[in-house]
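Input: structures, listed below.
Next come two complexes, and both contain chain A; in the first it sits with chain B, in the second with chain C.
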Partner chain A sequence: MSTMSTNQDTLPAGPDIRPRLSRDDILMRGSMMVIALYLIVTLALPLYTMLSKSFSTYRVELSQYEFQVSDEAGVFDGTILTADELNRQLGVYSDTDLTTGSDGRLPVTGFFPDFSFRSPVMYQMRNTTEAGRFLVGSTLNEGTDWVELDSNTFRRVQMRPVQARGLGNFINYFSTPALFNSIKNSLWISVVSTIVTVTLAFWFAYALNRSCMRFKGAFRLIAMAPILVPSLLPGIALVYLFGNQGMIKELLFGASIYGPIGIVIGSVFFTFPHAFLIISTALAISDARLYEAAVSLRSTPWRTFWTVTIPGARYGLISAAFVVFNLVITDFGLPKVIGGQFNVLAVDIYKQVIGQQNFEMGAVVSVVLVIPAILAFGIDRMVQSKQVALLSARSVPYQATPNPKTDRIFLIYCSLIGLFIVGLLAVCQFAALIKFWPYDLSLSLKNYQFNKMDGGGWGSYFNSIKLAFLTAVIGTTVVFFGAYLVEKSNGFKTGRSIFQMFAMLPMAIPGMVLGLSYIFFFNNPSNPFNAIYGTMAILVICTVTHFYTVSHLTAVTALKQMDKEFESVSASLKQPTMKLFARVTVPVCLPAVLDISIYLFVNAMTTVSAVVFLYSPKTTLASIAVLNMDDAGDIAPAAAMGMMIFYTNAAARIVHLIASKGILARTQAWRSR
Partner chain B sequence: MLQKTPPGELYLSIQNLWKAFGSFLALKDISLEIKEGEFICFLGPSGCGKTTLLRAIAGLDLQTKGTVMQDGKDVSNLPPSERDFGIVFQSYALFPNLTIEKNIAFGLENTGRSKSDIAVRVSELLNLVGLPDQGRKYPAQLSGGQQQRIALARAIATNPGLLLLDEPLSALDAKVRVHLRHEIKELQRKLGVTTVMVTHDQEEALAMADRIVVMNHGVIEQVGSPTEIYREPANLFVADFIGEMNQIQSQVTKGGRLSVGEKTFACLSHTFNDGTPVIAAIRPEDIIPHEAGYLDTGGNRNCIEVTLDEMEFLGSFWRCRLNNERFGSSELIADFSINAVRRLELEEGRSMVIELPENRLMAFDIPEAGA
Partner chain C sequence: MKHTTSFLAALAVGALTATVAASETELTVYTAVEAEDLARYAETFNQSNPDIKINWVRDSTGIITAKLLAERDNPQADVIWGLAATSLLLLKSEGMLEPYAPAGVDKLDAKFVDGDNPPAWVGMDAWVASVCYNTVEAEKAGLKPPTSWKDLTDPMYKDQVIMPNPNSSGTGFLDVSSWLQMFGEEGGWEYMDALHENIARYTHSGSKPCKLAAAGEIPIGISFAFRGAKSKADGAPLEIIVPSEGVGWDMEATAIVAGTANLEAAQKLVDFTVTKEANEMYNTGYAVVAYPGVAKPVEHFPEGLLDAMINNDFEYAANNRAAILKEWQSRYDGKSEAK
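Our next item is the complex of A and B:
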């Protein structure tokens, strides 16, 4: 009994022990800060710029301009006229004329009904405040000195607006029915697409997990195919099927495919694999013991379905619903191609920015679009965190028993879904290979002469491959290293949780919003990063950031399965953490690393939304080329390019499969006993 | 590595250590001294702070306040990589993608040793832990016990001054556990390395440790050799946690004797005042059985008549439940040897006399409720 401690219940006063950081700690914290900084510059700052843009209003303040007019001889009598007063007398500009964008400019000659540019009359003009600005030609005049101008120059004078902060843009937005109707439209097609997709995907996944149907492998493969193409490709196929000269447009009984019908069908196509994957996972982990219990209690299959199957899969269903909803409401390519006059939010952003150059309104629509996207994302995260505890270690996997009748029904059902997916792709390929639908059906490769079309030609295809490759390599490195640092560094709790938050954010930000915020942030000449604007670098950065979250979660999941004491052991052996990272962590997590890289590659090939604002003539992309060729009426070449993306992604997947098998066989020998 | 401290001298000194997780105090004012070459076990129920203390010594989770001196050097705020220890975890934490050899060699690299030196040292260590031919295998190809021996070899490869074992045997089968604990003890004795082991298994601690540190609720309840801890527990917690202990509500009466009902018993000396309510405690194996009527003939005042309620055969002895209305609802548990049971012809339902030897009957404070 050498030592007895006195039992006290309060910490003694005095400073806490401050850890002395090892070189590794400093290195890891430093690297984490670098990656956090990367996320701040590529995500937080652009979004903030966009948000502030949405609250920026521009108005021409007439009270800050004064004029003097001379007689014919050029002599001024000293009478000073204010623009405000003149406008009140003459009613030249209404209030809405004065409210304008950052680029707004208004001429002043309207204030002088006698004005003629040939007249010898001279004009003087000045700002009454230091904030006032007006243009003479392209020269900006600030300050309150009088500027004398002859009549010919005076017609080139334009008043410039003053920036203010306020809700003006939002008020404007919500008082323009043409704009806010898009909210209703977006919500409507998203809800309908979600219900249809989740229902179809559920039965498809159910057939694959719970029946003894044949050809399951093939169906699984087909279900994943839409991931490999841009979301606008089904739109092109639908135009060929149901458009004005569509192959089977009679099936629509006169309804137009251009609009909600087309968007919903296309959305079902491109969101199907996402819903299928999530629901399939949920169904795969159900516990057979519950079904045995149901049978022994003599429950009818129908009752068992509602009391066992659906509750077991409910988190999967909810999660799938929100993921699909999010994908549809934020998608831009499909409604652009097939939406016709049916406006949705994502396309509004594009129209405001590219069509009308109204950046403030684009920012407002972006803010409006972010709200449902963040809500859907937040609910999905909440639901997923509940899913975890569902499966106990003692669960027994469910084994389906053959039932010829239902198996046949499922086979027919899955074949129909498969036909839908393969059919749309086949239509695109068919369209790409024939000369001129519907007049000349002979086969030709002329639609592959991309260099003769708008959109950047074959160059954009190779740009896309370059982008996809760079995104895969750089993105995987940044994401995996970042995830490692946040999972395995010591202490530094606040820093780590802030990092986690930043890593989750991109998922909630629609691509259009990200792209637009990049314009605001990087296209500002005073931004030190301005140099990357219009280069391949900004496309890579934007794409990595856009798809950061899923990659990060994949990496974190893999890292969480590593023994958390590896770092402790390595430190006790006085070995640098980076040696452990290179020799153990990366090799063990190699399957996840490869998954992240193929995910980034495929998405970089197909993405349209974020990069549509950011490409330059030198960095056109294949997916954008599809969009632009379609826009220009070259639908067949658009289909051809879309299918090129499909084949490239399919090839990348196959290479990935072979490569990972080869690499895994060599590096994962330790997995087998 | 040079070991400056000669055996038996102070090697590790922990002074007034506190650890707070938010408002929860995991360690409260812990002070402890460990000598060079000692094998120390931190023993206690889960959540008592024993692993927290080990991790503070290693620098893996720094204490909030307090000092850790190792080998005469203040290491209180040093990161693990600047301290001198090897560590073995319950999960083995072997690098799964490296062979056994590479695992052991991991800490030997970058230390100025040549490749052939490393190879020699690795095979030396493999011999030491009794797995000379397993070097080229991967961890997953070995059994749990073998993996733990490799983890041990890796931890001692660089001759650290301090070996930390965090529940190293808890993940293993009972038989392997007994075997391996013997081997670890042998190895430790051979190497003479100061060792701290965390365990919740009292048998393990009793078998392996030179000294046991019994912990509960973030404080040290007692430090002592296994026999001290077992024979002279400092308080009821230690008495109850290690081994089994009968507890009887009683009161101190004249001459320090303990009264249970109308009967009083002589007991080990204590410092309680007359009239204090205490717990009288005795271990099941310390109760001596006598035939019925022994009370009258011998007149031994520490004897009492009981009914033998229930007998349970546990292989090497019989566990018996004894009843006397004086004990209230609680029964006494006694372990009687097979010989004694045969000699006294004990069977369920019979009356008998038991003796609570004066030098084995202890008096303890009544613990506060909830403590």
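Our next item is the complex of A and C:
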């Protein structure tokens, strides 16, 4: 034993074997750091700034004010009183009175029980520190000099709060029922919409995957249509259908569409394609042997459904449920248009910031909204990671057998859903062409004269197209390159998993919250990126970040299908990785790249929530114009603009389809031998 | 000869610099004036001041105010032309306005000028609350037209009235603050309690109630006269009612932003905004303007509007804004949840 250790001590230390980093590795890690840095600057830092803003309170500091009071003849005897002391003696203001918003004001006459505005008594007042502020009328006094005021002017004095830090905003939030009731409202409509949407989408997907119904292609197309419009468009359609002048308002039996009913119906419309896609994927894969076994065990179809079909699709159902929940709770446009007096969190943020300029309270509501959004997102990810392959090598794909009776029922069911979707869109288009609903039903293009309305006119439509293009091009480049680096670089495990985490984060952050945090972060003169505030650049960055996760996942899925051997081969041929990336990876993954770009394009056209705080008068957008025109009461032009977005997105889809076919025929020829 | 060339060159250079200086003054002007009026305003101004170019930044009152407040430490605007006086008071109390007495300000109605000397802002035109009443829908519902604010609390109007939410709308706030001033603090809240029973819903914007009334979504919309007149001109079956107790109002006003780099040009612009010419220009849309004797009746405007305008205490409105909104929210925003 001892000899061995001596041996070890005497032996010279061997060379430290570490894999050498090639120039390629360094380049890839460097690029990965750059994209990670991008995500930090556009996501992590703004969110941190917002969180810290929610703890920024405003408080009237009584110790900052001093008074002198004269006798009836106007002579001061030199006694100095501080507001703090007077308040302790008289108890004029409680602690909660002193904690206020940035716009808070408190009068001072309460400190002087003998005060009368007619009395000849004179007052002097000053700030004890340079930070103190008080108003005489509406003139701000910031200095520490004494200001002499007669009684009648003294009653116009208001103390102004100074900035402090603390939990005051949160206490204020939870002690205002009007505000925290919204939590309950938001959860309620999200749960109801989720149950309804998932149920409807399940049967729709079931019909398309498990029956021999006709017109499947058409139904698939119709089901995806709502993705092409902003979420507030169904709200506008519902006003025309069920409002007080609605075409079929009798169907509501006197209930008002403005409120939870409207929000739920609209939410079902705009979340339907998302739920349908996920559930359809889950139902598409199934093993026919399980159904054969069920038949041979003489199980009833009903029992088979509950013991084979539902368990097979359970992950899809759960995932769809959480995605829908997340979409509804973070949506802003729809409840803004049709919510009436039913307050929800996302609209509260808007009201606090735009209506009352209370940015701190906006930040508090944002923090509250992030919690359910992150929870829903986290559970969804957990469920997805549990999903295991349902198809083994021995599986036999399930094939539906024609059954005239059930096929007919499914056809009727799908037609009803299709009617609902097409109907709402048709109503919008119809409303846009009517001159003055409901008094003058003649057709006219008057509602397309956007330049005469609020919202930025036709300019905002072209801005939107510009934004969508830029987002598609820049976003696809950044996202795909980032995903490539994460998937294909060697080693550097910690760095890669941190990057993965950052890439997943945007999905959990509601658009309103992202937009608001951008105000706090970028609209700060000391921020070096301040110059992009109010430009198209900030809109592009915000939109790319907002839709980063889904694009990233699409890219990763495509890249995972590519064998790692490509990298090894190129390394052994001494080819730089970037060459491989450009010559092999991108062409092979072209379908995914095109999918990402159309996804970003369509979403940039329809997004409202993330950009509503960030557009400037020069960069108004079509989706925002829909919101603002509806807000001003120009509902028909709002519908017209919403339909313009629909047609543009539909056209983009068609171009995408044709382009994909052409390009894919050339680049994907290797796939078919 | 040499002498002359250099003289000519100097002249040319002088002329060149002069034209450069003349065409190079650009003013960033924040405004909430309706988009369709802006081009006309700039054109009229440039007739007398061709050397100053206006770059408009336009948005709704709430958003422009939020923008200005957010830029408090790094102002981007030179001049504010056409923003609610209550918003300007808010900015004034933050020390964001440059006091300036424009040439000829003494000719304006004193009601339209800030009380300080020199004034921090000067008014342009007034923006008066009114009730838009859809005669067709009201007849269908069997309603009688109201003549006063108090009438609107009659149970016959239950769920037939829409008004703007004062938390998001300047028009909504001027209604609430006028009721508090007219009926007293206690009476005002009592009035709103009763009115709340008849309100179908509160909208975010101030023009929407009138547009909804015009479209027949609701028989009665509490809004402002200007909007009502426009909808009526579009052919809506509206009657614009001026309640007998008096109506709240706010004015559009002008101010220089403290810290502007173009003070001289900014002052020229503000000088222009108080001229008779400018007031005649405001009169195309607004029946009440700051320059006495200028206003001609505007088509479809209700009669007796000028006399009905209350003696509005803007300072009261601005200084109590936060407290009023908080009280309003706890009374009505919270209560409506139960529905």
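The rule we apply is simple: the second predicted complex is superposed on the first by the 566 of 673 C-alpha atoms of A that agree within 3 Å, B and C clash if a C-alpha of one lies under 4 Å from a C-alpha of the other, contacts with A are read in each partner's own complex, and residues count from 1 in each chain.
The rule is simple: a contact is a pair of C-beta atoms (placed from the backbone, for glycine too) under 8 Å apart; a residue touches a chain by one contact, two chains touch by 3 or more.
Just so it is clear, the structure is predicted and the values come from calculations on it, not from any experiment.
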{"item": "First, second, both or neither for A:S22, with chain B first and chain C second", "value": "first"}
{"item": "Which of chain B and chain C A:F359 touches, first, second, both or neither", "value": "second"}
{"item": "Partner chain(s) touched by A:L140 [first = chain B, second = chain C, both, neither]", "value": "second"}
{"item": "Of chain C and chain B, partner touching more chain A residues", "value": "C"}
{"item": "Partner chain(s) touched by A:Q561 [first = chain B, second = chain C, both, neither]", "value": "neither"}
{"item": "Partner chain(s) touched by A:A571 [first = chain B, second = chain C, both, neither]", "value": "first"}
{"item": "Which of chain B and chain C A:D454 touches, first, second, both or neither", "value": "second"}
{"item": "Contacts of A:S442 with chain B and chain C, given as first, second, both or neither", "value": "neither"}
{"item": "On chain A, positions contacted by chain B and by chain C", "value": "none"}
{"item": "Touching residues on chain C, where the partner in the complex is chain A", "value": "35-36, 56-60, 62-63, 65-66, 69-71, 73-74, 89-90, 92-95, 115-116, 120, 136, 165, 167-169, 200-205, 207-212, 214-218, 234-237, 315, 318-323, 325, 329-330, 333-334, 336-337, 339"}
{"item": "Chain A to chain C touching residues, read off their complex", "value": "100-101, 103-105, 135, 137-140, 142, 156, 158, 160, 176-178, 181, 185, 239, 243-245, 256, 258-259, 336, 340-343, 351, 353-357, 359, 436-440, 451-454, 457, 519, 523, 525, 616-617, 628, 631-635"}
{"item": "Sites on chain B touched by chain A in the complex", "value": "16, 18, 20, 25, 28-33, 58, 60, 62-66, 76-83, 85-87, 89, 91, 93, 95-98, 106-107, 109-111, 138-141, 154-155, 157-158, 160, 164, 219-220, 222-224, 228, 232, 234"}
{"item": "Contact set on chain A toward chain B in their complex", "value": "1-9, 11-12, 14, 16-25, 490, 563, 565-566, 568-576, 579, 583-584, 587-588, 667-673"}
